[in-house]
């Protein structure tokens, strides 16, 4: 177990880790639909109304799917810099994936309680808190890999790495804001998730007056 | 995050995207069976009758499985032309996969409500509407890739690309017809799904009087 | 869509099909556990007895897991001969995977009804009938590939191919026997599944008086 | 079926087996979250309290996820030594994967019964017993591969192999201790799982007075 690749003690290729992560991402993202519950025959008011009444489930599905999807795309990009793994990196990664695959649960809680005035704040706060932890775990994966350029490829551009570190660090902070907002206004809190998605969709900006990152 | 492959800013290989898509397809397609509910012991009329009474579940399972299976095979073929990805392509793809992995839900709604005269129209319309959106997302993926040959391989034959574009465009239109038919006759509407499957199974035809595409 | 690999019309590598099949196999096999239902708190007679009473679920889990596992291993071996795919092969494969991913359902029916004297025959017959169809689909995949050596690698040994064809053909016949036996004695019927598993575990035998196959 | 790779009878690459195993690991690990049940609207005492009351589910989720995650990482490392497969190895592997994918069930039993004084011992014992079997199956996979260096790569260091064999052998023994402890004190029994996780997290130690392994 001391050497992951014969002749290259402690280092191994990232292929199998990426494949395993993709598997967990793909499964977690696809399991989200299981939490949308089928309205049973004989629902009062008709099926069309019952399907419309499921909007909190659809909303939860879309937010969580897009969030995991963007995180997957970024994780994808991250591994264009990270070229090696070691024992601790694998284990931090397992922790990160444990957080990722937890997300269907707070999503289901959100869908169930969003229409309930009494419990919706707790549901949204719980959802945002989960994303704070996911974002911290995501940063931990990155920080471990880039500290002292531990697992970076030889050609990884130091400036690009620093820019990415700054961007990633915004994740936990934003979700913390979303968490705090949940107690004031759940819709404001959920909007933060939408805004974050749009921000990540935008191409990377140039710093004002500077050269492209 | 600006460069997906070191030295080739903004472009990366499609391998990991294809693997991730295959994962989502494979999971969504396999989850379909979870919606077929086991008849419990003590069902009146015996187990054989109870199993036979599940025909709407089997029908939904088969239609959705074949639809997703054909879509997977076409997606497979699509990536023999598409040789690169970029940030936006990944995100359109995430949207496409979000639609794909939604399908088990309308399938379950269809299975539950097909035997109900009051709600079957809505169930079939909802199912067809989902496929309209899936087909549009599928076309969006293709359109983004082929516009200006953005992500095509150098050898991709322009004629073949145009033929494929025309074929794909039939998808949303056909499902829209199926959606409209749902309000007139649910069986006519569902037949469109069957006919589409058969059409996609047929080898590509030659245009009358023309040479093979 | 007319050409799967650029420059090699109609033919493509089998990698992605194998990966997709592996995904469906892996998911179907892992979903089997979802049908083992947790005994709830306050079950009379204690948890130990309740866990023991779940033996039909464990039995169904083991038979289906081993059956799918062996089928996966054989599918694995099959693709050391099959080196290409075409459009029809993909579609036969989709049908085969549809049968594979159906198996968790009859397994759950079996687990639920095996302790019921009134319905166990139907449950076992339904289970065996599903395996007849799976085995036929499996043979269809193989037959399509080997007929006229359509999709075989150049080095595929004709004798080995013929031996495999004969072995595979035993599958549907054996499961048909199991199906018929279900109406006489469910345990005899289930034993056929166990015996088949052991037979497939044995190394390939030599024909009496002949040379090793 | 007699030859897995053309020209190399009975031997094949491990790629597809690793991918299949990764799939089963990824799915089993992700399905764990399905056992955490959403508190329904109108739960007395409020949602926050209801979410807190789910601690046994979270505990089961974390222990099982970390255990499977570490096992996956070790399995990963194992295949840097194992370079070939054969028919029996595939089948032992199927048995190993059958045990792995069983784990969500005892995890759900644990989560349901941990708060119940009457049934918690049985639940913890059942959980530990499952891990004894998983650890034995894991060792069986390794033993089969290393006996007579049957499936090892040519460069596999005999000393490293022996060290790994010793480490792996501790698994079943430790889980057996955990099983026995369950009848005395469930928390002591569960602690063994935590301690094992930490031990596997530590870097390999040097034997006192010896050189690094």
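Letters A, B, C and D mark the chains in the order given here, with residues in each chain numbered from 1 onward.
Simple rule for what comes next: a contact is a pair of C-beta atoms (placed from the backbone, for glycine too) under 8 Å apart; a residue touches a chain by one contact, two chains touch by 3 or more.
As the structure is a computational prediction, the values presented were derived from the model and not from experiment.
J.: Copies chain A, chain D: same or different interface, half of numbers shared as the threshold?
T.: different
J.: Between 0 and 180 degrees and rounded to the nearest 5, what angle rotates chain C's CA atoms onto those of chain D?
T.: 90
J.: Chain B to chain C: how many Å between their CA centres?
T.: Distance between chain centres: 26 Å.
J.: Return the distance between the CA-based centres of chain B and chain D, expressed in whole Å.
T.: Averaging C-alpha atoms per chain gives centres 36 Å apart.
J.: Mind pulling the chain B residues that touch 2 or more other chains?
T.: In chain B, residues 19, 23, 27, 31, 34 touch at least two other chains, as defined above.
J.: Chain pairs in touch?
T.: Final set of chain pairs in contact is A-B, A-D, B-C, C-D.
J.: Which residues of chain B touch chain C in the complex?
T.: 18-19, 22-23, 25-27, 29-34, 36, 38-42, 46-48, 51, 61-62, 65-66, 69-70, 72-74, 76-77, 80-81, 153, 155-157, 160, 163-164, 167, 201, 203-204, 213
J.: Can you name the residues of chain B that touch chain A in the complex?
T.: 1-7, 12, 16-17, 19-20, 23-24, 27-28, 31, 34-35, 87, 90-91, 94-95, 97-98, 101-102, 104-105, 108-109, 112-113, 115-116, 118-119, 122-123, 126
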